[in-house]
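Some structures to go through are shown next.
In what comes next, subunit A is part of two complexes: it sits with subunit B in the first one and with subunit C in the second one.
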Partner chain A sequence: MSNFLTATTLGNPNPNKSFEVSEPPNDSVSSLSFSPKANFLVATSWDNQVRCWEIMRNGVNVASMPKASIMHDQPVLCSTWKDDGMTVFSGGCDKQVKMWPLMSGGQPMTVAVHDAPISEMAWIPEMSLLVTGSWDKTLKYWDTRQSNPVHVQQLPERCYALTVKHPLMVVGTADRNLIVFNLQNPQTEYKRIVSPLKYQTRCVAAFPDLQGFLVGSIEGRVGVHHLDDQQQSKNFTFKCHREGSETYSVNSLNFHPVHHTFATAGSDGAFNFWDKDSKQRLKAMSRCSQPIPCSTFNSDGSIFAYSVCYDWSKGAENHNPATAKTYIFLHLPQESEVKSKPRIGTSGRK
Partner chain B sequence: MGKKKKRVSSKVWCYYCDREFDDEKILVQHQKAKHFKCHVCHKKLSTAGGMAIHVLQVHKESVTKVPNAKPGRESTDIEIYGMQGIPPDVLAAHYGEDEEEAPSKAAKVDIPSTQLVGGLVPGPLGVGYPPQSTLGAVPPVYSAAVPVPPTGWAVPPRPQPWFPQHPAVSVPPSAPMGYVQQPLFPVQGVRPTLPVVSTSTALQPSQIAPPGLPTSTPPLPVSQPLFPVVNNNVPTQSSPFSTSLPTSVQPSTTAEVKGSIEVHSSVNTSVPGSYHAANISGGAGANSHSYASGPNTGGPSIGPPPVIANKAPATQPAVNEVYLVWDDEAMSMEERRMSLAKYQVHDETSQIQLFTHCYPFDEMSSIDAAIDRRILESRLAGRMAF
Partner chain C sequence: MHYKKEPCRNFQRGSCQYGERCKFLHVIQQQPKSNAFGFGTQASSHQQQKPNPFGFGVQNNVQSKGANDFGNKQNQFKNTWTRSSASSAPSLRQPDNQPQATNHQCTDPELCKRTIIEDFEHERPLWKLTCYSHWKNSPCDIVGDVSFEELRATAYDDAKHGLSLQSIVDRERNLLNSKLVEFENLLRNPYTGPVGSTLAQQIPFPTATATAFSPQNSGRSQNGFPPSVSSFSQLGASLNSGSAVRPSIESNNAFGQPISFSSSAQASSVFATNNIPLANAFSFGNQQPNQSVAASFSTSMSSFSNSSVTSTALNQFSAPVVSTQNLSLSSVQPPALFNVSNLISKADGQSATDIQLGSNLQRKIVSGDSSIWLKEKWIPGEIPEEAPPDAYV
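Here is the complex of A and B:
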């Protein structure tokens, strides 16, 4: 039935038959974030909006219900939920962060500012602080009740990626710097390294066990890096999101909250599930017709949300605003896709 | 093994940097990305001349040289597109080079650089790529010293910018001296011999440091897999090398080698450290030539590559160059997008469509909303297969 549709559109935007979220944004999605307490999904977009849907799941059936949305003055680049699941923070090109107590029906208010667009943010429950990273080469920590930041941390370059898992925080900046912070001592850089990948850093993700982090670059490669010097031999990198001689950027890295395997999503429009301990790819999903700029798991790992829309990886010339479409899909990972597996071949060989 | 020379020369190659490619489409992509790209706004043009005109008209700057081109190939006047437009003499010379190797090998060996045979191989060659082998006496030595067949060097080397054609080849003798030291260094295997070689020269340690090749492990491994040449024949005899290189026989070996290497550097970026830069396909994206994919496969510490549990990954084609879909190291996709005027406008008046049908949180208590919700839920339930 949808065959003729896919014939007319160039490529199938949903080859994985994921559930499509209703009323997606009008321009590309820049970030996706699930509430830590319930299945509420927030998406920020280049159309200046922050939208929230309630996701309801019944077995293999999924429904989405638009709940509310707010607007910024310019494209919104990042978002995060507060740990109580009641408030959402969003920030972007208007250099402001809005705190939006959406669950209680409150209005958003500005709680943070930077001198340049805010590219990343994270809420640190253990410190009750919001940390924001910007292209103005600073990280700022905010107590939302005060208008001035609690602390300003200088970065060597523009902030491109951020991941927090208390007390581990890793910041990826331009020029391939990776700065590790111990949040118990946030004013001092714990370690600064040059990315093990040779190309621009695109995303980072801290290991759930805090032993290290993943780093993804524009060159279709992910590095697995351990912090401890004794464990450096366990570091490795692997290639992904490549097709023929084309190498796509890895846009998003997300750990599964339960199984601790992880997903990568790239500009090639594919997402894959990997297990770093057995060094396997658990599942390769089909490529969508457009890039996947962002993705996330929900709090229990039962839903994987990803957006299919243009991420600018081929420049402005490949963007046609009149025909560009934005989608947000929800995939229900099966156990075989996200559960760790022992490596084939190492066991069972008689 | 038996790779035919002929085969190599039938591949397409880039006029500007002598690199070879499997097909013309990739060659064109390479040219656009490396030679016809505006250094100001990163726009890719279709010819060198077009790029020069763009830079002049849009950025009001004069461009006289084609970026990343070898000396002698930098003119923006020659209209090259893919394999079209290459002057016949250059074309012949390129294919002629292939033929020359075998015969020249024997001939060249007689050159004072007999030591080359031994000395050459070790460091510089290993690092320096086969291209060097064609430099003067180098080629024969290379082949002789290394088990790699004459064509061998032609094949593996990603055509390095500082490839045989280099007229400067003959320069080496004296000038390079200083730099020469460097290239040897990078080759890990050679390292141990270095101290033996030039205990006197302070150059060694200091030279080594700058390139950082030996020290920084990540980049090093990069070069290794590419070149089959291994430092087996590290010439212990080339000990005096630092000092009297040009004169004595032994030194000449290294001199040759280094010379060629130095030539590289100067060709490339005219900076001593350039060798280093060239070798490391590092951050600056400028070096994002082939090394990106091939050598980096393992990354700094190589573990077994990930096994694909259920689906075979796209097999890596034997392409020397990978084409980054997003290749701008200087800025991220979002920064580039932001530069578009439409996103910079403070959007207060645009009629952006908010949710058309919405179930706001604060209305949840209202009856209508509750009924709507129930309907939705029952629809969901109805769809559930028992």
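Here is the complex of A and C:
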């Protein structure tokens, strides 16, 4: 598929007939995040903006309405909502985190800084803290009312991926470290393992039942890892986002909030739904003409948002700002796509 | 029927309870031996076998909830699981039959080597700027990750500072080539173990360590690096090796002038310091110089760019400097010295090895510095400020 990316204008960016969000950013989207309380979608982008849309759903019809946006000085890489659904945090290459009380119409203010771009962040409601991970090899915990972090946690390497489900937090760093924290004791690493995958870690996602986590890498593979030593036999890895001999990166892992199945999105422009318990793929969606760098479910899993735009997986050469297009699509998952199924094979191998 | 026939795993293991009723094919050993291990380390060999257009284990072909296709009993061979098929099918069933391989000791370098060869042949990911380990849960054999975002952030920053697209592309390509060289070396040289066996140890920050080369080069001189392969000479070769790095943009864009990737035109000087993502990653990571080639390194970091350039030379005390370019990801083991060399060079008034992506100057500077330790007599002004690495003591 060498013409995969050069044919951005030729291929269909929306083969899945997803709903297209209006007024997408002018450059690639780096993160997508739904409010925990309502269908408000925030996207951060390489054009330095953080944008918010209201998503209105009426049966199978979906409409998007741009609400507000703020600017950073540099590309914005990550975002997260506060649990009250009123405030959005965003951070990126400007090494700062802005807290933006957008639902109340407030102005953003800087609440966190790092020494290097901030690649990941998460709001921890149980602790009322924001945790940020950066390429400066630290995790910092912030009480937004104070300018100094509550705690600084050193990482062995740059933070590449982060997932939080209290009290489980997993950080993926460069050079395949995966560090597990128990947030009840955040100053100590609970466990540090080397990734079960052979290449660079790209994304992680904690199981909703806290038994373990998923890790995705650039080699088109996802690892399912359980924390408990007794459950190590349940660990496995599987391949995905591959086409012929081409091996694409898995860019995003998202658990469905209700069914606890999960979605993967990759540089091949496809997204799939999987069930790790029955070890099967529930649904493979059609490939879009550009990579999908990020994706997310809304709070009840009724909407799956994903962005189709260039993720730099082929370097600067394949980036043509003049013709590059960025899309954000909304997919309404059907039950068959995200609901767990018993394995047909196991129940008798008909 | 319209399903492909898949071999029966249980049968191959010698115990299929369905016997003739089994919906899978009872054939012997069609799968390569790596089956026993299930998970796709060697899954590559499956790639060419029976590509299943429908995808193994994929329910998606059945739009409705019911497993209609599976209701067809004649269809014995619809395989809902498979161990691996790189074509489209995701195979989830690759159980971790082996115990958590945290204890993989590379006792059989030949086996490890073969694993590496197979990996490189079949499972090279499209993104090349990555670390690598031949065995899951084992420390990296090649360190030096650069993520998509890091590369992009650097490119955007360069653009903001006025670099042309072509030079950005060149820089990235150099990075890529150095990385490819590392992989090539891992492939070529006898395998001697991962970069650091003590990966679990936390390295005091920022004295990170990096030693991608040591294991590979243990065959030759200690602390050696790849041979003086010029990454430029490999330009053609490595360009063919799968990475889509071809200069194709010139004609497309009017990028004769500095580009701005994003709408913001602010020339922030954020990255002027060593906060450039790449540079940061490459920041002057030190490492306690270790003599032993492989094992004692705790790796968690790699030093790139200047670091690597300087360090490379420093390591090879008398050997020629490595071909790795400035942004080379050739992580070597930079002794603590290499930080010093920057100080030295600065003290000497030479152009400091600052994070300039593009000058070959550093190489020369470094060469000079490395011989510092070999000099009998030091001229004031060039006395290193830090203790020499153990190698020299």
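We adopt the following convention: the second predicted complex is superposed on the first by the 339 of 350 C-alpha atoms of A that agree within 3 Å, B and C clash if a C-alpha of one lies under 4 Å from a C-alpha of the other, contacts with A are read in each partner's own complex, and residues count from 1 in each chain.
Throughout what follows, a residue touches a chain if its C-beta (ideal position, glycine included) is under 8 Å from a C-beta of that chain, and two chains touch if they have at least 3 such contacts.
Owing to the predicted nature of the structure, the values given are computational and were not obtained by experimental measurement.
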Subunit C versus subunit B on the shared subunit A, clash or fit after superposition: clash
Classify the contacts of A:G105 with the two partner chains as first (subunit B alone), second (subunit C alone), both, or neither. first
Of the two partner chains, subunit B (first) and subunit C (second), which one does A:S69 touch, if any: first, second, both, or neither? first
Based on the superposed arrangement, let me know which partner A:D136 touches: subunit B (first), subunit C (second), both, or neither? second
Looking at the overlay, does A:P156 come into contact with subunit B only (first), subunit C only (second), both, or neither? second
Which partner does A:I193 reach: the first (subunit B), the second (subunit C), both, or neither? second
Counting only touches as set out at the top, which of subunit B and subunit C does A:E120 meet: first, second, both, neither? neither
In the superposed arrangement, does A:D47 touch subunit B (first), subunit C (second), both or neither? both
In the superposed arrangement, does A:A284 touch subunit B (first), subunit C (second), both or neither? both
First (subunit B), second (subunit C), both or neither: which does A:R343 touch? both
Give the stretch of subunit C that clashes with subunit B in the superposition, choosing among 171-179, 279-287 or 369-377. 171-179
So which bits of subunit A does subunit B touch that subunit C touches too? 26, 30, 46-48, 71, 73-75, 77, 93-94, 117, 119, 135, 158, 160, 174-176, 194-200, 202, 218-221, 223, 232-240, 242-249, 267, 274, 279-284, 311-316, 341, 343-345
Name, in rising order, each residue of subunit B that touches subunit A in their complex. 26, 218, 281-283, 285, 288, 291-293, 296-311, 313-314, 316-317, 319, 321-338, 340, 343-348, 352-362, 373, 376-377, 379-381, 383-385
As the complex stands, subunit C meets subunit A at residues 18, 22-24, 38-40, 43, 47, 55, 57-60, 63-65, 67, 70-71, 73, 79-81, 84-88, 90-96, 99-100, 102, 119, 122-127, 129-140, 143-145, 147-153, 155-157, 165, 168-169, 172-173, 176, 199-200, 202-203, 205-206, 208, 243-249, 252-254, 259, 261-264, 266, 268, 270, 275, 277, 280-281, 299-302
Which residues of subunit A touch subunit B once you look at their complex with the stated criterion? 23, 26, 30, 46-49, 51, 54, 56, 58-59, 61, 63, 65-69, 71, 73-75, 77, 93-94, 102-105, 117, 119, 135, 158, 160, 174-176, 194-200, 202, 218-221, 223, 232-240, 242-249, 267-268, 274, 278-284, 311-316, 341, 343-345
Which residues of subunit A touch subunit C in their complex? 2, 5-6, 26-27, 30, 46-48, 71, 73-75, 77, 93-95, 115-117, 119, 135-138, 154, 156-158, 160, 173-177, 189, 192-200, 202, 217-221, 223, 232-240, 242-249, 267, 272, 274, 276, 279-284, 293, 311-322, 335-337, 341, 343-345, 349-350
